[in-house]
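Two complexes are shown next, each including chain A; its partner changes from chain B in the first to chain C in the second.
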Partner chain A sequence: MTFFINQLIIGIQLGSQYVMVALGLTLIFGILDISHFAHGHMYMLGAYLLYILMELAGVNYWLALPLCMVALALGGVVVERLVYRPLRDQPHINTFIAAIGLILFLETMVRAIQPKALSVSKPIDKVFSAGGVSMEAQRLIVIVGAALLVIALHLFIKRTRLGTAIEAVAQDREGAALVGINVNRISLLTFAIATALAAAAAVLMAPLAFIAPEMGSVLILKAFVIVVLGGLGSMQGAIVGGYLLGILEAMAIAYLSSTYKDVFAFAVLILILAVRPTGLFRGRE
Partner chain B sequence: MLEMRDVYCSIGKHEVISGVSLRVEEGELVTLLGANGAGKSTLFKTISGLIKPTRGTITFRGEDISRSRPDQIVRMGISLCPEGRKLFPRLSVRKNLMMGAYTRHRDREQVASALREVFELFPILEERSEQDAGTLSGGEQQMLAIARALMAGPRLLLLDEPSLGLAPLVVTRIMETIADINRRGVTVFLSEQNAGMALSISTRGYVVENGRIVLEGSAEELAGNEEVKKAYIGA
Partner chain C sequence: MPDGWKKAIKPTLLVAVLGVAALLPWVGLEKYQLRVLTLAMAWAIAAVSLNLILGYTGQASLAHGAFLGIGGYAFGIFAERMGWNFWPALLVAGLIPALLGFLVGLPSLRTKGPYFAIVTLCFNVIVFKVFENWTWLSGGYQGQRVPKPTFLEQRWARYYFMLAALVLVLVVVRMIVKSLLGVTFMSIRSNENLAEAVGINTFRYKLLSFTVSCFMVGLAGALLALENGHLDYTITSYTYSFNLLVYVLIGGAATLSGPVVGALGLYYLLEYIEKVVGEYRYALFGLLLIVVIIYFPRGVAGGVQQLWDRLKRWWAGRKAGEVVGG
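Take a look at the complex of A and B:
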């Protein structure tokens, strides 16, 4: 039983990371109708920025977290403006090619500067244990941090005028323009929020993993699986789907095989596309 | 108030509006008559800034708006209630209305009084205020679309075929409300395929065919015109 609970905690922690990345992906999909495949690489940039701030500039972890979020929010704005906006009225394939180009650019650039995998130290290097269940402090930080950010995002979307404007643009772009919403500005705001969330995920996860140029690749594919699983454009779906996939993976590692852990995510994708292509929740029609 | 001078407009390679000139004066209720595909919606979208004219000028209260963005045009006092309504289906009726007041959110007093006014015009919307817009009936959705456009506090309200697809009884009710909105001081520019009802509440009208204005006159003149009767009244 304690083994099961331990794995469950690891699953929730994995899921927390997935939720943060998938939420950004689904928000951007809702607003712009594009699959921002380079989103995982923005996550990777967040982890490297954390390394630079902590290990090279000596900034405290808790200060580095908001700094990385703000910096990557600006990065998201630049990507929207320079990469996606010019392709707005072009065929989808062009946007897709641009995203792949951005991935190659970012990954090669980082690899050219620093080819070796890096790591950062844990802000609280402790292990809590109770009744045979033990948990690293950093896992708890990931779980709580993600939960707080997801709640904050939910409140922002549901309770504020700008948040409602994001939903309005996602539901009817032309209708939104007609009530006087500057849709370009909302699209920049969405990119900023989504990329800041990815940066937060990277900062929270970094002390538990290696920082490497390709770290965003598998993550973005899993986030994409989650977005399809939850229903394209559905925030609720991204949250439920993210935690589900995290727990599923942790259980698969524990009870089946750790070698094939990444296979499960894609098995889920194939299954969902075959059985219920609209996803668990209703996203955009 | 609104003046279009020799406006041309294309969608893709097709010229949809070919040299339209028209004016709407303060306080008027003007009808734009035309068949499906005559260019009514394109004309309204052009005034609203969703489509940029390829030639010609559009001025509103003396200012050139031909190159302005939709959100700027809303701020200047023109609201479009579009064809197909373009509501936010998974937001509540109340949130749809609040989004209608997006451009003047700072004046809470004004927004509250605008909300009271649209609930007075359409009491059913108050009853349904917590329901998602997508769950409303067609007539209720049309009322919500008009109400949402009013929330911006427009000086000029553009209504693109508000009767489309609605039962005759609902149409009568909506037309009466439009006349009421006009009496309250909002200038209205209305497009319709069915002339009878629209002309009965209008002061003037234009007839558009293939992107050109082919006829204009007072509402009585148009209602009495044989061509108009044949094409748009079906009497």
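Take a look at the complex of A and C:
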């Protein structure tokens, strides 16, 4: 039983990471209709920035977290403006190609500059244990940090004028423009928020894993799986789907096979789509 | 320009290109260059195959890297381990990807647009992980040897064989595209709902296009493996799916020459800039991709077509001007 609970904790922690990345993706993909495949690589940049700040510049972890979020938010704005904005009225496949171009560019540049995998030290290197159930402090930080950020995002979307404007654009872009919402600015804002979330996920996760140039590629695909199954543009879907996938994976690693840990999500996606081509939940059409 | 000339331009160009291609092994090319050219043609065949489902039918498959690798391995395993003859092994290298493509298409082609791309990419990752970990199948890091039949032992023989295969695949795709079947495919691409509304079973035709495309890309994988003489699990990587997609879109989707131009051109470009910029070549490649897709969304072949159309309009306008003026 304690083994099960330990795995459950790991699952929730994995899920927290997925939720943060998938939420950003569902904002971009669902609201702006951009298949931003390079979102995982923005996450990767966040982890590298953390390494630079902590290990090279000696910045404190807790200060590095907001710094990375702000820097990556700006990065997201640049990507939207330079890469996706010129492609807005083009066929979908073109944004897709641009995203692949961005992936190649970012991954190659990072690998050329630093080919080795890196790691950062944990801010609180402790293990809590009670009755056979043990928990690393960093896992708790990931779980709590993700929960706080998700709640903050929810409050922002539901309770502020800007957040409502984002929702308005999501529901009807032309209608939103008609009532005076600056769609371009909302688009930039969405990218900033989504990329900051990805950076937060990277910073929280970095002490638990290696930092490598390709760390974002499988993650982004999982995030897409979550978004597709959770319903396009649905925040609830991304949250439920993210935690479910994390727990499912932790259980699969424990009870089935760790070699194939990264492919369960994809097999599940194909199987579910074979039965329900529209995904599990109905999102925005 | 007289009309007769205009009609003659395309066939003349075609004959010229084929003539040059046929003469290349005899003009003192280095062995290495002939080899690069042969490999590039294998990629061109793969790109032409992808173009059928991506360009003409409008479904962006990101699993073609997997099918390419599966075709290569099917050929290698049947020819080397089972000792089959060349031709039946080649046939199997097409049939297995076709069958798998059919099975994957069943669930994935019910989804549309970016979803199809995501589902096929997921399939590609699964295939890659299986080949990476199942060493009995892939031969692990040592890989799988691929035997050459006696009539293809010479380098130039393989070159001509590849050239013939490329021409054959192009002829087949051209026949499909010019037939009613091709028109059906293209109607799905331009407006799937409308195609459905006029009574086309779009799902069945997408599945057909995908299966045929997988068959051809499997052959391309076998030919690639044949030229390399060796395979390892990295051939199933989704990186190749991305590369193929790029070849087709940069060359020009839904044109016959586009994928060939894209594959040969970019394969060469990458070989060339590797010497100059080394590791950074894919970074340059990525930037190039973004710029091309923003400024030349129809690719090289599309861009040439655009230019040609403009030239024709300009010519027609001048003639009209002459008439009015005269």
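Assume the second predicted complex is superposed on the first by the 285 of 285 C-alpha atoms of A that agree within 3 Å, B and C clash if a C-alpha of one lies under 4 Å from a C-alpha of the other, contacts with A are read in each partner's own complex, and residues count from 1 in each chain.
Heads up, the rule we're going with is that contacts are C-beta pairs under 8 Å (C-beta built on N, C-alpha and C of every residue); 3 or more make two chains touch, one makes a residue touch a chain.
Only a predicted model underlies this, so the values are computations on that prediction, with no experimental measurement involved.
Engineer: Sticking to the clash and touch definitions up top, decide whether chain B and chain C on chain A clash or fit.
Structural biologist: The answer is fit.
Engineer: Between chain B and chain C, whom does A:G180 touch in the aligned arrangement: first, second, both, or neither?
Structural biologist: In the superposition, A:G180 contacts chain B only.
Engineer: Just chain B (first), just chain C (second), both, or neither: which does A:T164 touch?
Structural biologist: first
Engineer: With both complexes overlaid on chain A, does A:D172 touch chain B (first), chain C (second), both or neither?
Structural biologist: In the superposition, A:D172 touches chain B alone.
Engineer: Contact-wise, after the overlay, does A:A209 reach chain B, chain C, both or neither (first, second, both, neither)?
Structural biologist: A:A209: touches no partner chain.
Engineer: On chain A, which partner touches more residues: chain B or chain C?
Structural biologist: The partner that reaches more residues of chain A in the superposed model: C.
Engineer: Please give the nearest C-alpha separation between chain B and chain C in the three-chain superposition, to the whole Å.
Structural biologist: Least C-alpha distance after superposition: 16 Å.
Engineer: Just which bits of chain A does chain B share with chain C as contact spots?
Structural biologist: none
Engineer: Residue numbers of chain B touching chain A in their complex, please.
Structural biologist: Chain B residues touching chain A: 48-50, 69-71, 74-75, 79-80, 82, 85-91, 95, 98-100, 102-103, 105, 148-149, 151-152.
Engineer: For chain A, which residues are in contact with chain C within the complex?
Structural biologist: 29, 35, 83, 86-87, 90-94, 96-98, 100-109, 111-112, 218, 221, 224-225, 228, 259-260, 262-263, 265-267, 269-271, 273-274, 277
Engineer: Taking the complex as given, what residues does chain C use to touch chain A?
Structural biologist: So the residues of chain C touching chain A come out as 54, 60, 104, 106-108, 110-111, 113-115, 117-119, 121-123, 125-126, 129, 133, 242, 245-246, 249, 279-283, 285-290, 293-294, 297.
Engineer: Using the touch definition up top, name the residues of chain A that touch chain B in the complex.
Structural biologist: Its residues touching chain B are 161, 164-165, 167-168, 171-172, 174-182, 285.
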